[in-house]
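Chain nomenclature is as follows: A, B and C, assigned in order of appearance, with residue numbering initiated at 1 for each chain independently.
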Amino acid sequence: METAADLLITDPMAPMPFMVLQRRQETHDTFTLALEPSEPFAFKPGQFNMLYPFGIGESAISISGDPAAHRRLVHTVRRVGNVTAALDRLRPGDVVGVRGPFGRPWPLDEAKGGDIVFVAGGIGLAPLRPAITWAISHRDDYRRVVVLIGARTPGDIVFVDEVQEWRGHFDLEVGVTVDTAHQSWKGPVGVVTQLVSGSDFDPADATALVCGPEIMMRFTAAELAKRGVAGEKIHVSLERNMKCAIGLCGHCQFGPYFVCRDGPVFRYADVEKLLVVKEV
Amino acid sequence: MKQPSSTRVIIGREGVDRLIEVLLARGFKVLGPTLRGGAIVHGPIATTQDLPIGIRDEHGPGAYRLVPRADDALFGFVVGPTSPKATFHPAETTLWSGTADFGRTDEAPASGRLAFIGVRACELAAVAIQDRVFLGSGPADRTYATNRAGSFMVAVNCVEPGTTCFCTSMGTGPAARSGYDIAMTEVIGQGVHHFVAEAGSDEGRQVLALLDGRAADPGEVEVADRSVETAAGMMGRSLDTDGIKEMLYLAVENPHWDEIANRCLACANCTMVCPTCFCSTVDDRSGLDGESERVRRWDSCFNFEFSMVHGGPHRVSTSSRYRQWMTHKLASWYDQFGTSGCVGCGRCITWCPVGIDITAEAAVFWEKDNANA
Amino acid sequence: MPSLEEALASHPFTRGFTSHQLRILAGCLEGETTWVPEAFLVSADGAADHCYLLVEGAAVISADSPGRGRRSIQTIHAGDLLGWSWLFPPHRWAFDATALTPTRAIVLDAARLRAAIDDDPAFGLEVVRRVGATVADRLNATRLQLLDLYGNRG
């Protein structure tokens, strides 16, 4: 009987059935599914799976849970099309097909010894959460740990409970800003790049992991560069159309890169020039 | 590498028939060029009668037709719209099928050995390129691996290039250099009609030994090799590949892409006939019986939905899609797989309905690059 | 406890000023002000007759509308310049600014500062350059907010 890991080698296009354990609504269009893998599922923060609601199609979804929890596979999904709408209809007890994990992960090892700065925009916090969880549970590997989050409104902050919990750590700097807010919000209002300029990390010895809409990542990287962080130490997570996730269907190409295989995490210095060319 | 004349063998037309017989007897499914629907396409071969005997193909930008030859050459043409790609990487293949409980209902791809008769050097190069794509460093493609395993290639060296051919520029022909089990040069004229053959593998040697051939004398080898060399000097088109990767990367915002887009229909013909293009998509097909099938089928970077993200394609303009195709083929391929993606077969030129010529477009980019230097 | 002049010299706004230019700026100093949370630093349509350089705390730029109350646009922090209406006619604040935390700022007399800008073009250039940089920064930030990047189509 082939395990999921075996299948990835012998038949990487075959979905493995995992059961939905729990479902949680995060914001009006974003939800989190916790799945039970058929055997321990290991992944690295930044990787993604192809989720297959039977008969509908596949969608590439970042893994958003704790990388140390091998019996609980968590994905946070935003409902944008057919497949994600089908994922939205899943309830505990339902089964969903999973292929993975795929992709190049966040460079958490490389960042050791220095400051680590996470900058998340909107649902970009989902692919970063496993990395933040890892950094917190390996806190001694890093000097300053900074988490900067941008959201549309206070009601759109994903994992808001966990963000509150992170704020409670004395050895974590957590900044949250929103694009628009009510009078009752006393926190920062504005784009997340402004949190970067106001943060206390040491640019000469910091690794930045950035995830969010492409425009946000570009401006954030520019702000980080302005602060003095080298392009080789800024990492972004890109998204392109994916059909196979194993570098064979050609859809996810971005310049010479296959986003499924050479990414989705990229060194900003490697993709900076491509990101500003339209339709590349 | 050219074998010393002592290992070159002469067989006649009946030797080719015997070759097909031997392969069939060994359980191979034998495919080769056949005449169908006014084109030379790959099909099953039982005897040499199935080959397009005495037919020549005429190629031009957006032009293809078949005309009778003055002789009865078995392989008197170059390439048709199909290539070994259509067999090793079929246009449709089932990846998985199952029921809602994920019980699997499809079977592993049928294995069986395939033999190709009459493959051109450019086609062999294309197969080698696709081997690197599908059997390279990442997870192997099941269907391709199954189809390709144990395949037997009988190459035919070209002695008359087509008008759209430019294999010499891409270093892929006209002589087959590797990747074949047997390679032959057809020599016809002045009362002679035979094939100068050599083996390229152990199995090729075994099969060749069964064909009742005789050792070729140096003069016969010389005639055969010279005709192939002559063909090399007759290419109607060329493409300068020295530094082309860097040049095309730098040309990413060149307005010439827009100019090409004024002509390009984004019809995807070029990607369909190209022997190295490999892009695919996955269709989900559900039946009323509760079973759903995931089917891989050929796709093209020219298709509008190819680059769909967040409810819209990323490459909207034809300009960006043509740029993606040509840059991938001639530049990015080096970074991805270590070689060019183009073998100089000319199919994209022949089967482009508006006759866009990749060699001419490359020349324009070179000119603009030199002008800026 | 740094003097007002020292605070001015170490504020990001004056980075790169020559000592001569710093003296001219210090000549426009009026003092320091503090605000408690919810106090208005400036009000929309109020006379913009002071230039404020925040040294402590945070304030929110906002507009008020009937039925919806205070609508926050952007927050500014220690090290920021509060607005530019003091420099351009009609010298009236366009928006409200309300303290979110206890906030302190260096206060410069706008009329004196405008006169100094006219009198000494080299000094004026440095001031207007920095004001321009602030405007550019805030405008880019506003544009990003306007794009509603986290909305349905990122």
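Following the convention adopted for this analysis, a residue touches a chain if its C-beta (ideal position, glycine included) is under 8 Å from a C-beta of that chain, and two chains touch if they have at least 3 such contacts.
Quantities reported herein were computed from a predicted structural model and do not represent experimental measurements.
Seen from the C-alpha centroid of chain B, the farthest chain centroid is that of C. Relative to the whole-protein C-alpha centroid, the nearest chain centroid is that of A. Here the spacing of chain A and chain C, counted between their Cα centres, is 36 Å. Here the CA centre of chain A is 41 Å from the CA centre of chain B. Chain B and chain C have Cα centroids separated by 67 Å. Across the assembly, chain A contributes 80 as residues in contact with two or more other chains.
Listed for chain B are residues 310-311, each touching two or more other chains.
Contact of a single residue of chain C with at least two other chains is seen at positions 154. Chain A makes touch with chain C in their complex at residues 29, 80, 121-123, 150-152, 156, 177, 179-183, 185-191, 193-194, 198, 212-216, 219.
Interface residues of chain B facing chain A in the complex, by the touch rule stated above, are 95-96, 98, 100-102, 104, 133-134, 138-139, 141-142, 249, 252-253, 278-282, 284, 286, 292, 294, 296, 299, 301, 306-311, 314-317, 319-320, 323-324, 328, 331-332, 335-336. By the touch criterion stated above, chain C contacts chain A in their complex at residues 58, 60, 69-75, 77, 100, 140-141, 144-145, 147-152, 154.
Residue ranges of chain A in contact with chain B, taken from their complex: 8-17, 54-58, 80-81, 95, 97, 239-241, 243-244, 246-251, 253, 255-256, 258, 261, 277-280.
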